[in-house]
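Heads up: the structure comes next, in structure tokens.
The first chain written gets the first letter, and so on, giving A, B, C, D, E and F; residue counts start at 1 in each chain.
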């Protein structure tokens, strides 16, 4: 299931980002590109990656063309989820040169980051292939990019954790301090939280895990435990709740966690430390409108 | 000089980012944190870094407190530009617990990225210490974060290149393709660009450099050249124009470029590949309002 | 738990509603009220009700006073949740007369509707006193007023169902048509819905109820059933899922449903057919500023 | 004459209301409705009413379809002003199932309220058939819905009073208190109000009526008078001013007021106490895209 | 009566205008003004005028100071409506130099235009001194400035005509073409226009004037007539309607029109051809914060 | 080069200006123009001028037609830059009458001002024909209209100075006071301003000019000098910097300044004192839709 991002959200975000770069107008392009010049360009990746964000990139060029009351054609060569190598062309754009040049940087900035998220997610997902665990993201996203980053996680084969603070109950360590411990926090949550939301709680020890299970927690976050402790937690839980692990899990260790039988492995690095993929736009033969 | 970001811009951005995370309300905190609970928290860094973004972080907490019609106090312990080590506390927050917990993630997400930019910039700046060159950023920023990322570059000791497409003329390779070469592009730019802007052009060879100097280019971008070729370019130019180098420059090679006598070294990685600094908010002794 | 509405939301909504009424300015008040006139007014209820919405009403007056760069004092006499009779004064306002008169209608329009929701909710809640059931609202709210109406439901002692389509899974009759029945719909939901959300499904017969329980539904909506059938459903379910009843339940029948042992009784009328409470603002002795 | 609501206003309002319900996305539909599923649905009324708001309802579906970059067809079967009975189908919708299900509740919430306003207005208008009086609305509207509610009043055969505080002068009881009585208030209004606006004043006794006529009031609001007193007022006025009655007039008494010869009967209940009409959307045979 | 502009409107407008000038920041001031520099400045007029717009000018400086999180003091020396000569100081500003310099141009641009409107209005008003006529403005305002220009008209002693197309009925020549003449247009207007609005119609001949009076027009616009024809129209009308004259009236001819006994003289030039008053901001002795 | 205004900016501005005039709807047109009436109209100029702003005028009509969900055709007869005489028709509009009448005033208000700017600019440009100087505008624009006014300057043959405070460094008299003189100000600017911006400084005497040249100023503003002094400045400068003159230059004196050999002549009057061109919309034969 991918509910994000739907069209109006993308449209608004891309328009805002274009405005950030274009400001009062692209003075270089206005000065040196002949008014009626037409032509084509292609977007190439310069390192292997999983493609993500093509609709947003297309929108960068289309909305910029509207500024000039022109129309260009964005032809997707490789769609979201495609696996590409250095040198592969993922899109061609044809039409007036001015908006192509003006939109270039915003489009590449966006693709670089979204392909990065999809690519790192794919690596984690591939690393646990064959296990029952799912790779999920966190709220450690870049401010303003959450909807697109979470979308890119699904493109890479990962699943989305809650989108924000309003669509999921996750009682974390600081909440436990405030509420006075696992039992008290769960009692409060059960009496006052919306009935449509499951209750998830973070635990640090097997004792807290048992406390959580006794109080009816429906999902439990095992934070910063070794695979061995996680395996013990799986046994204790015996399918009475969903188990999620997080904390310092990397590509070297993720499979050992997945083998324990946990349901979910959440990885902050999917969004806070994804690589920026190297891409470029190459202008092809320009021609002048006659 | 640091013109960005001024107050209204920060305020609007932070409010948008909070809304992205909070949505219709923090259901966990509403459920498990007693209504009148007061307390304190501190923000700790978990790896060495240069601090940047404290005003924005403070605003995350303050604007969230307004949602509850409450007031909290954000005490900055280390200001922007401060050099800190793992375990250092950079801020303390006191007041109602609910907004502290609700704002935590947005504030940390922001600090992680801005401290990252300042930290990597500082490394580049330190690497060229004693040379006349300046480290400058590029437009390879994260969509929506440009003003704060560029601010963080200055915190790290770097300088800002143009902010967007409207406040600087930089004729790049694709513009040259569209305009028909260095001379033609410069002629067009000189006849039609605003008189308040200098004209900068990218060149790939010493021949193009001479062409640019002959046409009165005031700044010249040397793209993807070896330090040796850059040194030759410095000699050819003989202070008739500002020289900027870019392209694949990293911490290992930056000093060799700086030693050539160029004026500016632009590094895309300052904003597209800055590390995400590890920080945490720790809740201190909570107390209940009586 | 009441996460809505927090302050920025109320502020924005009230400003919009004032603009709807005031437009380019209150020409009557400008024409006939002396510029410096000060005075007082009070808000009286003209029928018994539960008070709700006082903060929003106060904001109507305060934001209007800002238009005149003036300040008035809104003194709440009875707070949200208070039970009042015809003739009771619930607030006094003191200050410049102009903004009091300009804000009057918007404030009363809002209070009339919110007190109405709290009042009808209180009647339902009182009607099932002593049972384990809870009265919950629905999404049958007035467009634009959902957050305040749902807040007023809690003021009246009811609970909130999901706030919107994004924070709860409720598979209704039309979804079942689209998905091909209870089992298929639940299988789909379990494989693809966010792990933080419980899965609720609507059933029309005891057979569908068993199907839902077999597929692990965590909450089940019994739509348009008699109390007898509901009682049977409670027995079949045996606490394996939350049970919610809805459909044509009124103040005469609600207790018979509550006595069956269901968990939740959702009542669309709380928001789509709440009475509009009769309130008035009475101007007290005006005095002219000297 | 119906100047409201014109297209941009409806569009903005409907988009806001959809956002209120949809939030970050319809998780139920995303989870259980197959991505390419097409089909049809129809909107049925479940009680006799006058139809109003079809353009706004159509927009609910159309704007939601845009979120999925899809297109659906909304076929109006009965237009605004049509008189329908329980069971009548007023619209059919064909296209992708997802947006139909996602928009359903917002569209029905809106239609329920607007049909309610048109229906109650029609009853009042029919009740005074054959008299010269007109039924007019008031400013006792639901915050945020004024333009559409006032439009629905015209659909039901009523007329609109002023839209807001800026397009009409109506000196009410509280203004009289502030201004020092009918004569003083009218003198102030005549000297300072815009020349394009008529001056209307509220009076409580025949004496005040004569005072108002003497000061040149062009419209006079007779508040809370019996039909007998109103008849006397009509004789006193002798067509020198428009006469409007208001205050506690209901379907049983409205005709007796209309028979007195007054020009306007304003009824707050048209907008503050209109019934919510029962409507439903029924999904028809779905089919899967192949 | 002056209902415009109230505070929120001014605030929004001024913020927009500052953003238009400041964009991403005042690079000159950032570069050359020492960060902590304090000082004072004064605004001088360089030609005789009527002052208008001081509150808006003050807001220019105050909102700019907020960008720097600073506070400055704007001391009004001469208030709106004051008559000043070349060299007179109308305001002093004290505080941080940076926002004073940054806001200077926007504040002066605004004052120049508003003082211009008040000044030309005052000339027209003075020219008809002692007659019963009033000088009124038109809708020939500068897009975006209507509220402030209309306010400046009142500062100069003029009156406001309708603010926009929604708060007054004025049937002009093109409407008459569309409706088929004066009688038909007035019949349509009387049957369908809101009862709170007077009906005004433009006439070109004494015959049309009689037609308008017969159909109950409440105000009549005499367009492009000589003073003699206007005098005849006044006799024909005999106080049965308000009479307004317009069309090519200037300071030389306005008194001859006023002497005819008309009620209103509308002058487009008040807003479309007001002079731009020459003003300057002079920086006083700066001092550095220590 | 004309980077302003691009399409989204015009669209937003025009929509705002239409809203300013239309408000809640055009009550006159609604009342007197038959609903289905179609027809045509033409825009005539009533004095010689240079046409500017046709795209914005077209948008006024098109956006208004959207309010009625109708479509009209705006046929440009004379494009921007065209030189026309009194009586010339510059556009014809065909379609529904209502939106034509509703949009008329906003479109004419806009055209009157933009044609005025282009016309006065053309006069200045023609006056210096054959010299090397260029006429440039200033920041003395009408708040909110800068982008369109600056565009109209280019239509009239002038050039644009910086658009705002963020895209050019111009150290003026007040900055010199704050910074301590020409040398100090230039030193500060050179050390801290963005490298893409040239540095321009205002000087009042030949001595300051020499100081500016010594400090490497790239452009110098000669304020309020006689043509003789300017000629001396040109000799002193000897092409080492761009020279701009400003201050009290009018159509009588501009040529004598241009003959001195300066590069730029900036004229505030282009935007602060342009005439308002007299234009009218004439309705043609209306026809009723059958």
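Criterion: contacts are C-beta pairs under 8 Å (C-beta built on N, C-alpha and C of every residue); 3 or more make two chains touch, one makes a residue touch a chain.
Keep in mind the model is a prediction, meaning the values are calculated, not measured.
Novice: Under the document's definition of touching, what chains do chain A and chain E have as common neighbours?
Specialist: Chains that touch both chain A and chain E, as defined above, are B, C, D, F.
Novice: What's the rotation, in steps of 5°, that superposes chain B's Cα atoms on chain E?
Specialist: Between chain B and chain E the superposing rotation measures out at 120 degrees.
Novice: Same or different, please, for the chain D to chain E contact, judged on whether over half of the interface numbers appear on both copies.
Specialist: Chain D vs chain E: same; shared/all numbers exceeds half.
Novice: Could you figure out which pair among C-E, A-E or D-E mirrors the B-F interface, over half of its contact pairs being identical by residue number?
Specialist: Answer for B-F: the repeating interface is D-E.
Novice: Using CA atom averages as chain centres, what separation in Å is found between chain A and chain F?
Specialist: Chain centroid spacing, chain A to chain F, equals 45 Å.
Novice: Where the centres are mean C-alpha positions, what is the separation of chain A from chain B, in Å?
Specialist: Roughly 22 Å, centre to centre.
Novice: What residues in chain C touch two or more of the other chains?
Specialist: Each of 1, 3, 23-27, 30-31, 147, 163-164, 166-170, 192-194, 197 in chain C touches at least two other chains.
Novice: Taking chains as nodes and touches as edges, what kind of graph is this: line, ring, star, complete or other?
Specialist: Its topology is that of a complete graph.
Novice: Quick check: in the complex, which residue numbers of chain D touch chain B?
Specialist: Interface residues on chain D, with respect to chain B: 23-24.
Novice: Can you check the complex and tell me which residues of chain B touch chain C?
Specialist: The touching residues are 15, 24-27, 30-31, 66-69.
Novice: Give the list of chain F residues in touch with chain B in this complex.
Specialist: Answer in residue numbers: 1, 3, 136, 159-163, 166-170, 192-198, 200, 218-219, 242, 244, 263-264.
Novice: Give the list of chain A residues in touch with chain D in this complex.
Specialist: 1-4, 6-8, 147, 163-164, 167
Novice: Touching chain B in the complex: which residues of chain A?
Specialist: Contact set of chain A toward chain B: 13, 16-17, 20-34, 37, 39, 41, 97, 101-102, 104-106, 108-110, 112-113, 139-147, 163-175, 177-179, 185, 188-189, 192-194, 197, 272-273, 275-276, 281-283, 286.
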